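Before anything else, here is the set of structures, which you'll find just below.
In the two assemblies presented below, chain A is common to both, partnered first by chain B and then by chain C.
Coming up: the complex of A and B.
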């Protein structure tokens, strides 16, 4: 009872183009395995209690709209986000290109240092021989270029793979917090 | 390429962009003559993450005045950059039909109407392209397309280029996004924010309504509210909703149900810009906006009134232009094909419009409408213009469209390739059946058809009659206004005198209060003075006594109190 700490709520926003499966990832994670009936999201919020490295965390997931039109609504939650899950669809090149041309600029304009996790969805659907696919080199170069913290390939319906996404979220949030703390310490010591 | 940045004070004046070393300098350090140049935003890069760049460079075509230099400019933030770019774009392209993104509908239409269009080229071109290729594409309007292509297209449209979309170059999603972007970037949403509150209430009623009757009632309310939209906006909304309805009908293939389309299009169609354009408000009203759009799209045939005539005309529409695009991609022809349709529908509103073949019913229709007193759906624009213009001008409008149409038909049909000759007459016939009486009146003049000319005479008479009626109603209203004016001026005068009276009373009261106060002050001061004097006196007495006592002490020694 006493060891319960307040600082265990982690907020993350899930972004990416329309129809890549953002809402489905959230739904799978909270254990709702019904198949989404293809509805565009405006905004949605989920809270999940989860365990990671022995600690209990409350994970707050903000499911945003993939519509570029909803920029104003979407960016409201950016400030309070401690991590971003940036999704694209493996078999949709356009959604990968949007990462570079739209999403990273939008995120980095508002949140310069927040960790970003790149998630490729539609692993189950994608076919290696199609030339529409995104190659490994490409996503690696994007990760390098923009300092993306982790990369996960998953199918939105596979619970284990989706869990991995959120584990990475927690890990990167913890890491960035530590880093910030040590930065502050350095700053103070340097004086 | 750029090594150092210099801070300069910029000033846009007419066609020139002047720059000064300091804000209060009198002589500019230099100037850029804008017309003939191109302006482009420079993409965001991680290296220049804190800079918001754009450049002005010489245009491709006009070399007459264009300087050879490229100017790179850096704004303080993105909003500033967008504003500067918008302003500069306006100078460069506005006259030739560019700079349409972020330009108000009225300004865009001013140019488009000169080109005999009732719907901006961009909207029409996109919708036609999407009708042809996009109706059965999964996730149309939901998938965002290629950002770079959209940006390129946007820039090209802003540079007044009249792009004809080509499926081999442009994908449907990018075009769909471009269309959405156009609506999103309008300074005021296509349904102006003055309608926001009213339509939101309607949407709420629609949302809450369980029974179909109440739903229909809400729909009727929406139709009523929308009927007073400015004509341009009305036509565009109508055009868009009709198209979206078509998209929604194929939701089994494209998976975009009407609700989905509504979600995606909601904030693009209506926003509340005036009061508070805050994201929180948007978030709170997102479902209402969505509901409103759903209603507009789903019931577009009931909301946008003159549906029947329109429908008949629409039947011909998808077939003809599509073929044209495929076979000839003959731009003037296709423009001719489609343009008149919305225009007809607009003018149809005016004279009852059942067409020349149903002449007798015209009068009935007229009377009916008069009885029902639905003036608003009649003249979407007129109510607006009535407020601003005084008289005469509205009446002219009756004749003007006729002229325009006839010009249109006359000038454009000659260059038609002979192959297509069969089409225009057929179309014309359709029109005259379906009630383009305005047009037929002018077209048939040259054709010398006796019955039709009689009909025209009839119609003209009716127009005259209508004119007279309108004149009388206007006079009535003017009289009413005059009455109200005198009434109100009287009231105002009364109020004025009242206020003057009360002012006088209050000033008097204040003066008396002041006087009493100053008197009291005077009294108190005197008292204070007196007290002071008394005290001084007492002090001096005490001093005297003290000295006397001291003297006694010296003379007789200290007095000892008896023990």
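Coming up: the complex of A and C.
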């Protein structure tokens, strides 16, 4: 049997375009529900203790800048992170498109196999009439294309939905670790 | 379209200024084309005049003011700038020939030139329209990358129309503008002064307001050291950003804009990520202050204009030293630095005037006298300031070269010499000179030795404690 002993700290980075609500997701997850002005982030780091499937984990969340030009600073934390939360805004089509054109290439360039979780924010703002909205088929095709592990729709202010995001993060991290271990086993057995 | 016409006009005005060549002129032209014609204040006039005639001198003024604000010695300030001006370690990536050609044509990544600025101004003008500037998250949202590429191509080929611009989202143009600034080989606020900016961020005074005002003062001074092309772009850009911050409906604060623009405007393109990480929060704070005050940042600080005006007055009437004005502005270190430190060397009445002395004493006095034992390089260099003597009755120094008895020596009113021994020359201390202050504190016996210019050895004795003396 493979032992289930895992490192209890999980590092994840939140990426995505500017003003989609990355920092708000972090804040909501911590429990800071004050609504503040929109302010741009350089980087921020949060450590959160959580319980998941009976184990205790320390989630280290790195809140990165959504500006494409802050590349140097952002990519420092890429190497050490075990999962990415890739955000876009449901009512902002541009932010969805730049996932394909910018964010996934940037992540995959540095981290080939790290799990990525797609998060659509602004569920509360979702408006079906608008032309800007992203349809379900589109994000499904993106998920298939780039091997994205999970997709969550949420509102940045809703605590339950945000919790779901981080549950998915932990789940996919555990999965990928198992996978890697079994890969090593296979590798050894094949010899 | 009249929009296009104005663009063409602007472009032409750039052309003209390029031909005339004078950098200050192009600046003023730029401001004229931007705003309505404004008359120069007299203080500004003085500064502009200095900037045109003696750019180096002007820089000296600015630097000395800066050093007083930053509380740094002047030499240290210079080293800060020089160390930053070292050649960039360039990471050259191999580019194929075909690509190299294409890169040369693009305005993105090439140096600042009046033509490029004119094209970028189109974007800035578009963005500062009222309905555009109120877009939510302007400059922060990324827009569509494909559309931005098209826009870049249009800018490069100079086929941009207003219609095309309005078919894009404002985010696209805002980002192309950002990208242009980012791709400049040298940051807009120049790499040379980067360390200076970091120093400015470290200013701390007792109250918040004081700190802020000191920072603003320092920024204003540094901005006057920038090349004119940079100013040409910086002025409209700052006006735009200031306007963006003042519109509340776009949810952009000056603080956010500062964070977004700090790496573009200030930071070295080649510094490491760790370095950037430590510096950025401070620097972005600085940029947000700049955005907050907006175009006012280009105004000339009062202290500077005052000391420049003083300088001109001194230049125009070289024989009159305005002691009063100097004393008034003693708090500004500059006036002390730049005004000549005059030590009146008065030769004793008795030996020189009455009896023709042997050769070594009298005739060489004109050549040998020292105006000051300190280096006073701030004096208007070309005009040799003659020996002066402060007559107690009036403020004006009267200057009396009595050429008596065919000797070359210049004779002054003499202070009563109480010494029993006759010194060859005696330095009569002027009140506010640091050296004379120091002289006062020295015992009388040594004073006499020191005041004879030839006796070097006892002077050397006193040099080591003189460092500890606070002037």
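Couple of notes before you dig in:
As a working rule, the second predicted complex is superposed on the first by the 185 of 191 C-alpha atoms of A that agree within 3 Å, B and C clash if a C-alpha of one lies under 4 Å from a C-alpha of the other, contacts with A are read in each partner's own complex, and residues count from 1 in each chain.
Note that in this section a contact is a pair of C-beta atoms (placed from the backbone, for glycine too) under 8 Å apart; a residue touches a chain by one contact, two chains touch by 3 or more.
All of these numbers come straight from a predicted model, not from anything done at the bench.
By the touch criterion defined above, A:17 lies against chain B and chain C together after alignment on the C-alpha atoms of chain A.
By the touch criterion defined above, A:146 reaches chain B but does not reach chain C. When the two complexes are overlaid on their common chain A, residue A:105 makes contact with chain B while staying clear of chain C.
Of the two partner chains placed around the shared chain by superposition, chain B and chain C are both touched by A:42.
When the shared chain is aligned, chain B and chain C each come close enough to touch A:76.
On chain A, the surface patch touched by chain B in one complex and by chain C in the other comprises residues 17-19, 38-43, 66-70, 72-73, 75-76, 92, 94-95, 97-98, 101-102.
Within the complex formed with chain C, the residues of chain A that make contact are 17-19, 37-43, 65-70, 72-73, 75-76, 92, 94-95, 97-98, 101-102. The residues of chain C lying in touch with chain A in their complex are 136-137, 140-146, 169, 171, 178-179, 182, 251-253, 255-256, 259-260, 263-264, 272-274, 276-277, 280-281, 284.
Listing the residues of chain A that touch chain B in their complex gives 17-19, 38-43, 66-70, 72-73, 75-76, 92, 94-95, 97-98, 101-102, 105, 108-109, 112, 145-146.
Those residues of chain B whose C-beta lies close enough to touch chain A in the complex are 44, 46, 49, 78, 139, 142-148, 171, 173, 177, 180-181, 184, 255, 257, 259-260, 263-265, 267-268, 277, 279-280, 282-283, 286-287, 290.
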